[in-house]
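Residue numbering begins at 1 within each chain, and the chains themselves are lettered A, B and C in the order written.
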């Protein structure tokens, strides 16, 4: 069975859903941040796969940009996690359930 | 792109560069000076924003594009930049007393406000998804930090992390949408995407839906509005004021540009989606605002409702109508003035590490601080859309554009919602004017008063005489439609 | 040969992702994330994106994961994460697999229908190399590249503002 670009795209969609699911169900903030990384990583996979299919390298450049964004978000996120931990002594925050909306 | 073109493009983005340099100066000078003298950073920030403002005015006259079409420096972008810079300028003035009394870090605060503004400015002119995404993130990351800026308050830190997680979630969705659009069209430039658009290709539909989801989150519209109250409540009140006007306007700017320029091929589809989103956003925001016991939370729900009103204008610009577009832009400008004013009053009444949040905190200000009470009254009247304020005229134009574009039901829903909203805005005034005072109000703060005076006069004066703020919006909308040659 | 390797690394990345989300222990989650990122890097090589694959390992699986590991160790949050949010894991896993199954089915149909991928038969000589990516990055996308520096400044400033202690 020949591996086509569609295989990569379906894989990236699967990874994206797993990441999104992790953000929704996990309460531990560090793991939530890791799940966000999974989502960004899956978008990267889609970019690189499309880049190969289209034969232009914009997708690969976009992946480098996403990498920077991911690093910036993680750095700020972990700083906030440490700040919350010093206040509450726990990371047991359900981000979605705390919305009293 | 050769060197001379690069040089020319760099000169063209003067306003953005001015702000970024100001931010870096504030950041570098901050650790070099100590104690009381840090307060002078305020002036550096104001000068930088003023320079950005003046350089930006040039764009109203001759719109160009820079970086081989990555940025479109047209009147549309200039108008939104005006909203961001004036908003940041007034928010900075309002913040001065607040951050000093709350004992927050001065240098980083101003620098982040300025960086966030520069991100918004990139966003308003981006016509290419990579710059768009980075502008989006520059703006968002600064605002995440600002939301969690008060380290002594666990609520602030929680607001910061919540905003970061949910914002990161929405950026990831946006990014995946961009990936799909890139895969379908082979490019990330909006004009080329529009040229290659093929509505029968499912990748386009899915990509558009995901990108729209990302923007709707940032706007704070139904069904992704639940984050707004918590984060607006937890963040420092001046930051809430800044992000409720700046981030929202930036998200609208990019929503308009991407939808009209890039995805006009399936205009009917997203227009219907936005119709529903707009109707629900208005209604849910207003109904939830009625039952709130905290003013800050009430204003957060009211900002959801106002996003709904602005979306009415987006729907009414269906097919590239100038009136609808300019009404959205004018609405966001008006919302900037009045909402910043409302949050400014709350910041003004906060003292010594305690924020003014509940209705008790404003009870009876009429007896002690009549001028503040008058300002609060004008902002509430304006938010409720009662003449003769800027809020009334902005709302009138949005609904008029909806009627002219034959979206009668949406206009009716909007008008009914405005009537409902009057109840909770006027309730604030009942507390302010008719109740006994229950807390000691802070002393006179000269800097904040300057900003509040400007905002109050602006709310009233532009309500009576729109001057050329409305003409400017029409001109800007016209230049936007010209950029991509719509009808 | 390529297809066998693809399935091996695709399975590894999915397994890593599932472990990130479903493992109770944050350290194990962090290491599983490394597995996913590393497998993705291998897939990048199959996609002829050699430079990007190297970056993925250096920056993502290297630098960013060190940050994660450091925070996990620093806060020592191992025990309490065992207490909460570990309930009903099998049920949650089942729900996820169901979503994945339905979604994956539609995604594969959608991607097949969308357009005939693999259509760029002739890739440029420098495709995916440092030279090729660098040329695109510095010629066509110079502005975004410069903007990343602003983003990094913002992130540094933000981390300092949140984490710095002492007098203001």
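The definition used in the following text is that a contact is a pair of C-beta atoms (placed from the backbone, for glycine too) under 8 Å apart; a residue touches a chain by one contact, two chains touch by 3 or more.
These figures come from a predicted structure and were not determined experimentally.
If you count the contact pairs for each chain pair, which pair has the most?
Max contact pairs: A-C.
Tell me which chain's centre, taken as the mean of its C-alpha atoms, is farthest from subunit B.
Here the answer is chain C, farthest from subunit B.
With centres defined as the mean C-alpha position, give me the subunit A-subunit C separation in Å.
A distance of 6 Å separates the two centres.
Just the number, please: Cα centre separation of subunit A and subunit B in whole Å.
26
Based only on mean CA positions, could you tell me how far subunit B sits from subunit C in angstrom?
Computed value for the inter-centroid distance: 31 Å.
Where in subunit A do residues touch two or more other chains at once?
Correct list: 9, 19, 33, 49, 53-54, 56, 58, 61, 65, 69, 72-73, 76, 80-81, 83.
Enumerate the residues of subunit C that touch no fewer than two other chains.
111, 140-141, 144, 148, 151, 154-155, 158, 162 - these are the residues of subunit C that touch more than one other chain.
Quick one: which residues in subunit B touch 2 or more of the other chains?
130, 133-134, 137, 141, 144-145, 148, 151, 157, 160, 183
Report the residues of subunit A in contact with subunit C in the complex, numbered from low to high.
Contacts found on subunit A: 1-11, 13-15, 17-19, 21-22, 25-28, 30-31, 33-35, 37-38, 41, 44-45, 48-49, 51-58, 60-61, 63-65, 67-76, 78-83, 85, 90-92, 94.
What residues on subunit A touch subunit B, complex-wise?
Counting only subunit A, the residues touching subunit B are 9, 16, 19-20, 23, 29, 32-33, 36, 39-40, 42-43, 46-47, 49-50, 53-54, 56, 58-59, 61-62, 65-66, 69, 72-73, 76-77, 80-81, 83-84, 87-88, 93, 95, 98-101.
Enumerate the contact residues on subunit C facing subunit B in the complex.
Subunit C reaches subunit B through residues 110-111, 113-115, 139-144, 147-148, 150-151, 153-155, 157-158, 160-162, 164, 168.
Quick check on the complex: what are the subunit B residues that touch subunit C?
Touch residues, subunit B against subunit C: 1, 6, 9, 20, 23-24, 27, 66-68, 70-71, 103-106, 108-109, 111-112, 115-116, 118-119, 122, 128, 130-131, 133-135, 137-138, 141-142, 144-145, 148-149, 151, 157, 160, 183-184, 201-203, 206.
Going by the contact rule at the top, pick out the subunit B residues touching subunit A in the complex.
Residues of subunit B touching subunit A: 129-130, 133-134, 137, 141, 144-145, 148, 151, 154, 157-158, 160-162, 164-166, 168-169, 171-173, 175-176, 178-180, 182-183, 186-188, 225-230, 288.
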